[in-house]
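Going in written order, the chains are labelled A, B and C, and every chain counts its residues from 1.
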Amino acid sequence: MNLIVAIKLVPDLVEELKINEEGNFLDLESLRLRVNEFDEHALEQAILLKERGAGRVIVIALDGEGVEDALFTAAAKGADQVIKLTGNTMPLVSNHTLARWLAPVIKSLQPSLVLTGVQAHNDLDGPLGPLLAEYLDLPYVGYVAKATMKDGEVEIRKEYPGGLAAEMEIDLPAVLGIQAAEQPPRYIAFSRIRQAMKTVQLEERQIPDPFIEEPIAIARLFQPEIGERAEIISGDVDEIAARLVDIFTDLDLL
Amino acid sequence: MKQEIFVLIEHLQGRVTDISYLMLAAARGITEKLDGNVVALLLGHNQRALANDLAADRILYFDHPDLAHFTPGAYQRVIGSLIEENKPRLALFGDTSIGVEVAGPLSARLNLPLVSYCKSLQVENNAIKFTSQICGGKLMAEGELPSPTALVTMIPGAYKAEQGRSVTPGVVVQASVPQLDKHPVRFLQYIEPETGDVDITKEALLISVGRGIQSQDNLEIIQELADALGGVVCASRPVVDQGWLPATRLVGKSGKRVKPKVYLALGISGATEHVEAITDSEVIIAVNTDPLAPIFNLAKYGATVDLLDLVPALTEAVKQATVKA
Amino acid sequence: MAVNPVTQRPTFNEIFYTSLQKLPDGERVRACLQCGTCSGVCPFGYLMDYPPSKMIAALRAGMFDRVMKTDKVWMCVSCYACTNSCPAQIPLTAGLMTRTKEELLLAGNVPVELQDALENTQRYGNPMGESPRKRAAWARGIEPSVKIMSQINRPIDVLWFVGDYASFHPRVQLSSRALARIFNLLGVDFGILGHEENSDGDSQRLAGERGLFELLVDKNSKAFQKYQFNQIVTADPHAFNALKNEYPKLGVNYPVQHYTQYLSAKLDLLRPLLRHEIKARITYHDPCYLGRANGIYQPPRQLLQAIPGVELVEMPHSAVNSLCCGGGGGGMWLEGYQWEQAHARLSEWRVREAVAIGADILAVACTYEIPRFEDAVKMVQKASRLVIRDISELLLESIGE
């Protein structure tokens, strides 16, 4: 069985986010990308399923800064095949567009299960998973925290607020939006990644139809106003502690 | 021509979720300025009573055994055909485990634009504007919602649940349910949350820890602070995922929504999935070494020192203050 | 050695033993007397299921896979106490302990905190996960300004390799600023790499990430090659150790000094500037990577003794017997794990020694140490008066700038 993992590169929030001159998008020059954290969980879940005998893991990602590192890391973790989707002129596209690009390629891989992160922080037009599922004409369930393969089906645990969860079963093939893998994404020694860089063949596939879905027009992109921010208490820890004790006292906590 | 704003009402275990009321409030804010109607969509089985406090002009109630529990297939079918027939101006969904699974697929299926992470909606020059919070709360995006029909998934933060509740709810109309075919996704059963632990949704003082705690071992000093203050320790997702605290202490989108008097956020950056669950707190105090952490947008007070340095000092100061009292 | 009787394929034990002997001086492991001194002198030896001598015993008995199943090897802070005391001069720290950690890492047996530090190093070039573009932010506002190599177009005398903690940790940044001002006052022609500098990688290497270390050497070497300078000076003994002993093995060879060596050679110029008295009992903590690992004991003491008013006293564990602060070999990133196992912090031991000899100031010369000892001071009851200062901070105080 083929377990496809779609990973997305998203703005790295460790770096300061700069806005372009027009004020309606991120400044691409200073932008740094990293793999969406939830996609790392999706990959981990796929590898776990593979380790339990479910099949082969194929990882696919759109070309962008760091995509090869990400794919070789996936290979080092156990992915059997890694594919880079090329032909895009921008590193960031809307999820509708990305889903349209990915769908035919993923379909050609004859997926039994497609896994992707339940969301990414830059999903202005909704997360990738549901859109991808629709273009693949497959069912989608998100907020998945556990998955067990059964004959022709996958049984999943879907998370709701408040600690509630639901068990659902889904006929394969299907798409899952992973909230958390059953264990945190594993560590992989860098020497193994380097090994993968030397031995693993990174496949390239062209975007079949470069049609770009009209993205949601952003009139203004900005950082939340400083005026709304907290009153920062200054001083050393003892001074801060003293001020906090005053605040707690004023709030009748002490 | 009256513009209709659909709101998908979410409910779990016999209760309508807070986000549903928030969306009704957001919808009302729009229809007051534009000539419009707020239409609440309630799907269930023998659950008509859930409509009793929904502040909407009209409530369409769909009753069917297959709608007793949320399944994506049935909900998409009902809402999808409703949107196709009625072509509302907007359809609002929660940015949740339920809402996203309806809005997302329908956006692709019906070729309708979708805006996510939406915190608030405003009317400006007869156009409807959205304000969305993205990139972990570090960025706000504003724009116009495309015509004629747009789908929106919403997050809490700009509206209060009370604004969406009403003692005189809208007219409830029992609507006909379209044919619900067998669907590849089937609901089996619920897994109840663990009980026996303290209920953080009822606590007045919460001391919450995030990634900044760095290791399970550091929870000791947090517990000492909580003990000194008479509060309860809770956490954001990374801490619970590691197993350092049980899921009953999880505050966030897939955890609990809390409304304490004081929420002390230690080493928490303020990512959307977490802060949407704390917007009902009276006072938020945040400690994070990153002065640009989004949590400071929500907090009333803050400090940019390392929590591992501050907490022991604070515990000491609290103990001394308590002794004096 | 145990040989698998059925298939004749080498066992993990054999492969490991062979690879160990291929390391520099590695064959000395065969001369182990099983005297147990290493395990005895190891600060956390009492907690390990297999302290160094038992590891070698297990290796000889073909039972090394048992060692691999425990996680107590992560208690090792690479302090060199064992290596230093071994009568057969086996490279225990750099050889046995590091190789074992490498294998644990390959097997995925890694405490989470360490995982984060290593992943951050790979992605951002520093274990804290800070943006590399902010690496020179500590130097802002110093006059004359600290030169960043990519912005000046000429050769300089001294390339100052600042290091991770000295660049990013708020407390340690103060000692970096002090040193920058001392360099300025002495007219040193120096520059820093800023965002082109990556972690030296020594602690990551000793924590078992050989591959990551080689990546960092490659990146730093590319940065070095862009510029012309006569020597490297660093305040970070871990960086010093790497640049002096490990980088050359990979073909990256530059003259390097620790700042205490550099400044003590310039004492004639420095001494007249040390005008103000610091009337205090000061004790100096020998960092493992300056002292035991590289034999540098006098220059830091010379600098301290040059400050008027200073009464320099020695702790019982000084010079070659110095007590590790617990930060090496990945220890900086195993705080939680080590506390869980030991419920004792090496840094607190050290602070207690300083307090016991009546020191007012504990002087340090390693960028890991200031935050570790200041944390320890908060936890040790009678230590509240003890002040932790880097030698550079004390020198600047005496200069009075």
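To be clear about the criterion, a residue touches a chain if its C-beta (ideal position, glycine included) is under 8 Å from a C-beta of that chain, and two chains touch if they have at least 3 such contacts.
Just so we're clear, the structure is a prediction, and the values are computed from it rather than from any experiment.
Colleague: Closest chain to the overall C-alpha centroid, by per-chain C-alpha centroid: which is it?
Modeller: A
Colleague: Can you pull out the chain pair that has more C-beta pairs in contact than any other?
Modeller: The chain pair sharing the largest number of C-beta contacts is A-B.
Colleague: How many angstrom lie between the CA centroids of subunit A and subunit C, rounded to a whole number?
Modeller: That pair's centroid distance is 36 Å.
Colleague: Using CA atom averages as chain centres, what separation in Å is found between subunit B and subunit C?
Modeller: 47
Colleague: Would you mind pulling out the distance in Å between where the CA atoms of subunit A average out and where those of subunit B do?
Modeller: It comes to 20 Å between the two C-alpha centres.
Colleague: Give the residues of subunit A that touch two or more other chains, as numbers and ranges in rising order.
Modeller: 16, 184
Colleague: Give me the residue numbers in subunit B that touch at least two other chains, ranges are fine.
Modeller: As it turns out, subunit B has residues touching two or more other chains at 242, 309, 313.
Colleague: Spell out, as numbers or ranges, the residues of subunit C touching 2 or more other chains.
Modeller: 112
Colleague: Which of the residues in subunit B come into contact with subunit C in the complex?
Modeller: That would be residues 214-218, 242, 289, 308-309, 312-313 of subunit B.
Colleague: Quick one: in the complex, what on subunit C touches subunit B?
Modeller: Residue positions touching the partner: 112-113, 170, 335-337, 339-340, 375, 378-379.
Colleague: For the complex, which residues does subunit B have touching subunit A?
Modeller: 12-13, 17, 69-73, 96-98, 100-101, 103-105, 107-109, 113-117, 129, 132, 134-144, 146, 153, 183-194, 201, 205, 229-230, 237, 241-242, 247-248, 250, 253-257, 261-262, 271-272, 277, 283-286, 291-292, 294, 296-305, 309-310, 313-314, 316-318, 321-322, 325
Colleague: Okay, in this complex, where on subunit A does subunit C touch?
Modeller: 14-16, 34, 184, 186-194
Colleague: Under the definition above, what is the set of subunit A residues touching subunit B in their complex?
Modeller: Those residues of subunit A that touch subunit B are 11, 13, 16-17, 19, 96, 99, 119, 121-127, 129-131, 133-135, 139-143, 155, 157-171, 174, 179-180, 184, 214, 216-224, 228-233, 236-238, 240-242, 244-245, 247-249, 251, 253-254.
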